[in-house]
Amino acid sequence: MYVAVKGGEQAIDNAHAWMAERRRGDTDVAELTTDQIREQLALAVNRVMAEGSLYDPDLAALAIKQSRGDLIEAIFLIRAYRTTLPRFGASEPLDTAAMACDRRISATFKDAPGGQILGPTFDYTHRLLDFKLAAEGGAPRAETADSDPVPVPHISSILGTEGVLQPEPRTDTTPRDLTREPLSFPADRAVRLQSLTRGDEGFLLGLGYSTQRGHARNHAFVGELRIGMVPVEMEIPELGFAIEIGEIEATECETVNQFKGSKTEPPQFTRGYGLVFGQSERKSIAMALVDRALRWEELGEENVGAAAQDAEFVLSHSDNIQATGFVEHIKLPHYVDFQAELELIRRLRREAEAAQAPAPDAPAERTKEQEPAE
Amino acid sequence: MTPILSVQDLEKRYGARIGCTGVSFDLWPGEVMGIVGESGSGKSTLLGCLAGGLTPDKGQVIFDMADLGPQDVLKLSEPRRRMLARTDWAFVHQNPRDGLRMGVSAGGNVGERLMSVGARHYGNIRETATDWLDRVEIAHDRIDDRPRDFSGGMQQRLQIARNLVTGPRLAFMDEPTGGLDVSVQARLLDLIRGLVHDMGLSAIVVTHDLAVVRLLADRLMVMRQGRVVEQGLTDQVLDDPQDAYTQLLVSSVLQV
Amino acid sequence: MSGYNFAYLDEDTKRMIRRAILKALAVPGYQVPFASREMPMPYGWGTGGVQVSAAVLVPEDTMKVIDQGADDTTNAVSIRAFFQKTADVAVTEATGKATLIQTRHRIPEEPLTKDQILVYQVPIPEPLRFLEPRETETRKMHALAEYGLMHVKLYEDIARHGEIATSYAYPVEAAGRYVMDPSPIPKFDNPKLHSAAIQLFGAGREQRIYALPPYTPVVSLDFEDHPFEARKAEGACGLCGAEDSYLDEVILDDRGGRMFVCSDTDYCRTRREAEEAA
């Protein structure tokens, strides 16, 4: 006698207990602390903060520990936590021109006011596995120098004075807030940028790459890439003016792109823009490429049907929390739907077989006559 | 008698460039009007303005609606205009891909307009579709095949059937025979002429091909640089062109 | 659970969702956009349903959660536990005792009453999505009630298979106006959409809520000569003998042995208990 399956609750509890044990791994090995993750896996922490849309290195480190290093799972934990936080208000726009740059490079000028600063980068390292790190990393120190208090203006502001770079109109209208309003189309640039900055790094990387390979190619140079700490200011209603409430690390990328001009605009350079929490260089460059590709309409460019030009496609599929949930949900039970499909297929097959069985005086199988060539 | 379509002082600009300007004409029930001109003459812009795809900057397009009488279609609400486009109007694109659903069977393509105006009886829809495939000379047993398996001429005939199935009163045709072999063109033109005659259809046919208008159009309008340079009865314009440009157009064809 | 508001969501978010629900009830079948929040379960696993339930839940409620008709499927267990933890509400497996039922893929067999709310989890709320992938275009089609394309799909089914080959998520027309996806319930359940209960549909990832107020006329799309048919596997439940309930197939061995049992576990158990008592 068949007895219906029971015990979903117990199975879930058992699975979670097992998962917790696996998370800890071999207990002869010292347990990882969230401090260690925050300090030594900082780029993973940065990605979790950026795509989790919450700037908190300690929480991001905890999420990485809890998720056993599955970064999308960690991002998910941060997003879910973020939902429960009350919102006190919005900050003033970040003034990235005031950034204390750890890194600042331009591919368009050999030198510029403020100079080129390589900063802590993997660039130019030879990607050789360093077996010494496997034993002990030690505590390497880098030489320091007194910081130069000269301002580091944006390369774009220098180009802009000459008129060869299309100015971006300044606006004081409050942009739509993607976390408080549903995404709808057409999406203006502010909404697109919000969506891209939370978007999945891998997805944007692939899309950005596709533009370089000819799917809506936009001839980009990195006008400037800068990484550093930026103050966050917020206007406090009781005070009536803005005060600094803290600082965050951010990566900003402005690409300078070729633009042949249109009926109304003379030839000039245009730009793509990327701004991401933490040191997230790859993501910010990819974001700028995709941002520029999405601007085809306002710039009067041709829509070549490339994925990176299709705002509805890009924005609807860039969020990895939405994507991972829906992709993985097909492992949930679908007995009911499957049963309905099974019944349908069986019936259609029965009918097809019945139709094929030769009836007493059935005509020969219908042959399709091709129409004579025209 | 009321004209089925009355166009007054229509103008469309693209920035400083003129798409078409100063276009006025009346189209009478059952009449076929040809619009000819080289590419860039504004004939396609004009067709777009008439059929609702483009918004003109100036002028009126008055259509004699079945229920409301003469109405400026540019002032109709979008639902009404879209309803018009799938009932009283037909639009035959030059490229059948633009006017057909390539992934839907021939029967489904013809049936769509019926279903969009409320037909809900499968057997009747299929019968009407079969009848229309017949009228455009497509074999019955192709009804469940998709247009992508059809030849160019068949696709174009299917597009015509799909458009005419709801018995429209006014058809817009954009280079209906463009891109087809000469022998296929002749057969298609013959078919269109027969259908227009049988249904008492009014039509506006845009083409660069004078042979097409000679065969189909009662009246002719010649466009150049966005303006109408000459109009009149087809035979009259073609046999005795007054305007220098029309003369050039006609002579260039005869030389071929 | 300390540190969280009743039913997890903060009151501002609940108010936003309730406004969307009220609008949805006022325009049956219309998909109301709402600013869906990230929930602590994955998108596609019932986040829309959970947010709708959280917004309408009150402490006096008795909640039932089913997935595939069963109370003990893992995702149903998980969602029920979530509300026990965050809202401390009473839970039940008895359909008749529940005031709020959250479901995935089924409508309970026992007719619902005017004192109940049924919340559906919806993966893809747009019935036209697989005919037209663009949101901008489908919204226009709904606005203008241009549903010819939907029937073209049904026409193609009949032309190809001799019948409408849609077995679940079978499209309906609500209150004579909007074409609506009833979520992936088997079409066997479609007639039950005409109900005394309030029915709310939540799609979290797609940020849409729609609704059927009590007794809304719901018509499954069809042709006059190919009328809609509610279908299920032939035969009776191998456990309770019911012939009127939707059946799941259970594979018993690897030699083709199988049996059919009620997908609605509460319905099946109630019938068996009544039989034993008799």
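Think of it as A, B and C in the order they're written, each chain with its own count starting at 1.
To be clear about the criterion, contacts are C-beta pairs under 8 Å (C-beta built on N, C-alpha and C of every residue); 3 or more make two chains touch, one makes a residue touch a chain.
This is a predicted model, so every value here is computed, not measured.
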{"item": "Identity of the chain that, by mean CA position, is farthest from subunit C", "value": "B"}
{"item": "Contact-richer chain pair (by C-beta pairs counted) among A-C and B-C", "value": "A-C"}
{"item": "Euclidean distance of C-alpha centroids - subunit B vs subunit C, Å", "value": "47"}
{"item": "Whole-Å separation of chain centres (CA-atom averages), subunit A against subunit C", "value": "32"}
{"item": "Of subunit C, residues touching subunit A in the complex", "value": "4-5, 8-10, 13, 33-40, 42-45, 47, 67-70, 72-78, 81, 104-106, 123, 134-136, 161-163, 165, 167-169, 184-188, 205, 207, 231-233, 238-239, 246-250, 252, 259, 261, 263, 265, 268"}
{"item": "Contact footprint of subunit C on subunit A as seen in their complex", "value": "2, 4-9, 11-12, 76, 79-80, 82-84, 86, 179-186, 312, 316, 321-322, 324-329, 332-337, 339-344, 348, 351"}
{"item": "Subunit B-facing residues of subunit C, complex", "value": "144-149, 151-152, 155-156, 158-160, 222-226"}
{"item": "Of all residues in subunit B, those that touch subunit C in their complex", "value": "78-79, 82, 86, 101, 104-105, 107-108, 111-113, 115-117, 120-123, 125-126, 143-144"}
